[in-house]
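Several structures are given next for inspection.
One chain, chain A, appears in both complexes that follow, with chain B as partner in the first and chain C in the second.
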Partner chain A sequence: MQRSASDGAARAVVSRRVLWIVPILLLPLPLLLNPYQQYVINLVLVYVPVAIGFNVVVGNLGLLAFSNVAFFGIGAYTAGILMVRLGLPWWVAVPPAALMGAVAGCAASVPALRGVRLFYLAIMTLAFGELMRWVYIRWIPVTGGSFGMALPPPDLFGWSLDSEAGKFYVFLGLVLVAIIATDRILRSRFGRAFVAIKSDELAAAAMGVPTNRYITLGFAWGGAVVGVGGAMYAALIGHLSPPAFDLTELILEFAIIMVGGLGSLVGSVIGAVIITAAPEFFHELPGYQELLFGILIVLVILFLPRGLASLLARAHPLFRDRYDRG
Partner chain B sequence: MILSQLVISGVATGMLYALIALSMTVGYRATTVVNFGHGDIVMMGAYAMLFLAVGVGMPFPLALALAASGLFLFGFLMQRGLMAPIIAGPHLSLAIMALAVGYALRGVARIEWGNDILLLPRPYAQNAFLLGPVVITMDDLVITGSVLLLLLLLFVVFNVTRIGKVIQAVFQTQRGAQLVGINVPAFHCIMWGAGTTLGTAGGVLLALIVPLTPDMGVWTLVRGFAAMTLGGFGSLHGAVIGGVLLGLMEKLLGFYVSTVFIDISGYLITILVLLIRPQGLFGQHATLRV
Partner chain C sequence: MPEPLLTALGVEAGYRSKQILFGVDFTISRGEVVALLGANGSGKSTALNTVSGFVRPSAGSIRFDGEEIAGSPPHRIFRRGIIQVSQARDLFPDMSVEDNLRLGAWVRGAEIEADLDAVCTSFPRLGERRRQPVRLMSGGEQQMVAIGRALMGRPKLLLLDEPSGGLAPVFVGEIAAIMTALKGRGITMLIIEQNIKLALTVADRFLILRDGKVAQGHDVRTGAATEEDIVRSIYL
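Coming up: the complex of A and B.
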């Protein structure tokens, strides 16, 4: 029994190389789709890093941090402000967006380090997110206030990325980097420390794991990845306004990681693919999206608490997260 | 003179926050689960009242009674069908479950009533009284009076009746309460329902002074949390005092410092209190020490 399990895992590692076919198969996609469909695909790519970063903090570290929309908005506004107010090209603004996301992540981890946990942490980080939205509305000279801020078309090393296809290739590259780097982190010492903190923080600390340091690192990494997602969002939408970063956005992001699978990298990707496109179908029907998403999350929690990723992992070891021993 | 005027209207608003915080505290004390959908339940209570009183045309007291019982049933069934099955699970699931229920409610309100801004007509004349130089509106009186009445009722229930003893017993030890024959799951359902009923009362009072929108739940939730946090989580008198202090702070800082504070006092209080004194004014210890 034990042996067949490890055989399966070994086979999975070998056949995992197969996964590289997926991005290669995606390459000719822009030739096949119309610009609107391409826009939706790009939106999915934006939400992959957003979900990955969120899932690291909530799923892997197991902390109730509701501040993901704040990281997302800070990344998007950092990129937007650098492009509009300082005239920097988009690709120059991506690393600062990641950096500001990481700084926001460190800031959001401060209450956790002071021992604020569970519902208290959730409430506090929720207040942080709402406070940031208020900053976007009120800091009018910089953020453009409620009217928002129109952005120039993004570019990469001087190439203009005004077509959806151009954005697609750049986004695909960034998403791959985010997935691979997060996979490495979760499989390393860091990822094992996250597992220890999630299952029993006191025991982890007693075993000598510097829990505070890992919590800050987890938040910072999550914030950075989500910040990159924000910069991608700014490039895709071309216009930033405060309502895009409200509580509804938080629930969309929760829906992504819950449906995909908490604490699973595979789940973050699946969830982003399935959920992100959904709001596009509800433009004409206000209210129905909220109702259906609400019901969907309720059903997932009741009947599939580890999300679609757990179903896939059961079906084929290829979809098992490599850091997931459970 | 201005100061006393600000204090009067601050206390009236604060009483409303106190009621909302209190309604959240009742559910929390019974189940130790925070209801992240509570803001939307308050919103739903206000809309249910609007529907019954204006849409159907019922007299105000009957509409109030029906709305309150409807929301009690909703809270009861929410606890029974959605929260109870996962109550032993991770806190995250519980938080997101309540958040998702609230989100679905918001969808229902938007489908049914759209984004129109609706007003609940007052069942009383909108008079104002002069107390020396200070103006007291009928709204202030009705809100403060209703909340004080509900507080008195809760005080009696919690401190004088047998039900209060049961509540105290379950709050201290669920296992112990179960051993002496208290039906803890049923108790959870009833208290969760009591919380949503009190939330309905808050929503109806809120609807008297602000226009209804499907999105008012977030605003409500943030203020309820701020009042609870300031008073100390789980403390009933803390929720009341926290609510009144929050109302006063919004009015006083909003007038003397900057109008900005009307919007952000709630967020600032939540963040600062949890950073500096997580247990609030009257709560028990709230942090994990590693």
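Coming up: the complex of A and C.
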């Protein structure tokens, strides 16, 4: 008897629920790690939404836009400014950080809406990040200029997040929300529109898909998620300064999605884990740190052009994204 | 007499400075199947692309369902009910059969499950491969997805650009059967087809394009023109 599509979909949903075991297994982590190791894990959690948002634009929409570091900085500075200048608690500053990230996303989509593509789009959006860095440096009364801005300890409904363990649980919650919401979007009509635009924009338009609207929405969602990552970064580091949002940071974020897997939600998570945590492991080998890190990236891109996520997808269908070419 | 579904009058079009169509005139009535025939370079695909909006006419009028559509963008023309299956098929290779079909009904958004089931019933091969990525299918199966996707949009006028082009003989027969079935459902079609036998099996009427103009038109149903006469008209 032929299995219907709805049966298959229901089975996929049931089997995907197995993935809930991952955050549950992570819960006792703070009991097992020292504060530095816990800090590294928190840094990984910061880079998960940063990579997810970047991957929506580059991997799912297929637009080579390098505005991610601008969204990251805008999210971080929005949270920081609201905490320092207006005295708002950190948790209140998170939604505005997401909102400002979304607004920045809409602004960054303008060249793409005008038909700018490939390297031209990359350069124009790169300029957006550099322009924002100029703003952080020059808008001294608000951003603190080159010296930056020291932030008060974050809190959640009055509960201090001073410890790394406290931040871990809040970050884990935010990361889960970002993953689940993005997964829902990518599996919906929106996700189909993104893939259609990436595959053949003209054909998508001919099917009646309002491509410009979906490009803007993709950028806005990417910006919002990265903006949350920025707010998390502000809470983790406790100090914001312009060099944290420079070109090196952009290259790091790009390496995360390339190594993890372009267009793959699972890949964004794996990439954030590997690229953020790997340098910390290489600390044990002083002098070779950069070399080993570089070799790791080159090996993955040479032998796994679709990223580490493709390894997992090959191992089990559970890890396959909807439009995985696996 | 009711107004034809589509009326093209004095349509001129081309690509940049190269003019291809020099005043094309034709009509299509509701429920009619018209085959557009002609040698390579006679302007068949340009005529089809001008109707669907992918090529902007430089002169002339195209009226569809009582409205002027000449020069409208492709997505507006799609929304009016003119749906084209191009030679390249324009499928989304990484998407599954089902997702490609769903995109065909994008503009309607909701209430598409019944259409999806109907297409999968009409094309059992697609029903069996609903979750398979389109890039893993044969050329004939991809052509079925392309036609199925067009049907998901509930076309008032279906434009088919060489539906049998590049297909194995076994699939040409299947495509012919599909087109005959669509005709039986009363779907109005404008078809470009190099396979004259196939075109004559399905079409009610054919038009021959030569040098960017309609040179001749015949009603297939009268039996006035044989396949040999038509080939002679096209190439000699």
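Here, the second predicted complex is superposed on the first by the 281 of 326 C-alpha atoms of A that agree within 3 Å, B and C clash if a C-alpha of one lies under 4 Å from a C-alpha of the other, contacts with A are read in each partner's own complex, and residues count from 1 in each chain.
Throughout what follows, contacts are C-beta pairs under 8 Å (C-beta built on N, C-alpha and C of every residue); 3 or more make two chains touch, one makes a residue touch a chain.
Because the structure is a prediction, the values reported are computed rather than measured.
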- [ ] Please work out whether A:L262 is in contact with chain B alone, chain C alone, both, or neither, and reply first, second, both or neither.
- [x] first
Open item on the list: By residue count, which of the two partners contacts chain A more extensively, chain B or chain C?
Closed with: B
TODO: State whether A:G287 touches chain B only (first), chain C only (second), both chains, or neither.
DONE: first
Open item on the list: If we overlay the two complexes on their shared chain A, which of chain B and chain C does A:A315 touch? Say first, second, both or neither.
Closed with: neither
Task: Partner chain in contact with A:V116 - chain B first, chain C second, else both or neither - done: first
Open item on the list: Once chain A of both complexes is superposed, is A:A205 in touch with chain B (first), chain C (second), both, or neither?
Closed with: both
- [ ] Scan A:L31 for contacts with chain B and chain C and give back first, second, both or neither.
- [x] neither
Open item on the list: Does any part of chain A touch chain B in one structure and chain C in the other, and if so which residues?
Closed with: 202, 205
Task: Residue numbers on chain C that touch chain A, as the complex places them - done: 52, 54, 73-75, 78-79, 84, 90-95, 98-99, 102-104, 106-107, 109, 127-128, 130-131, 133, 149, 153
- [ ] Note which residues of chain A are touching chain C in the complex, please.
- [x] 2, 5, 8, 189, 192-193, 195-196, 199-200, 202-210, 323, 325
Open item on the list: Considering only the defined contacts, which chain B positions touch chain A in the complex?
Closed with: 33-34, 36, 82, 85-86, 89-93, 95-97, 99-112, 114-115, 214, 218, 222, 225-226, 229, 233, 260, 263-264, 266-268, 270-271, 274-275, 278, 286-290
Open item on the list: With touch defined as at the start, can you tell me which chain A residues reach chain B in the complex?
Closed with: 58, 62, 64, 110-111, 114-120, 122-124, 126-128, 130-131, 134, 138, 201-202, 205, 211-212, 246-248, 251, 254, 258, 262, 286-295, 297-298, 301-302, 305
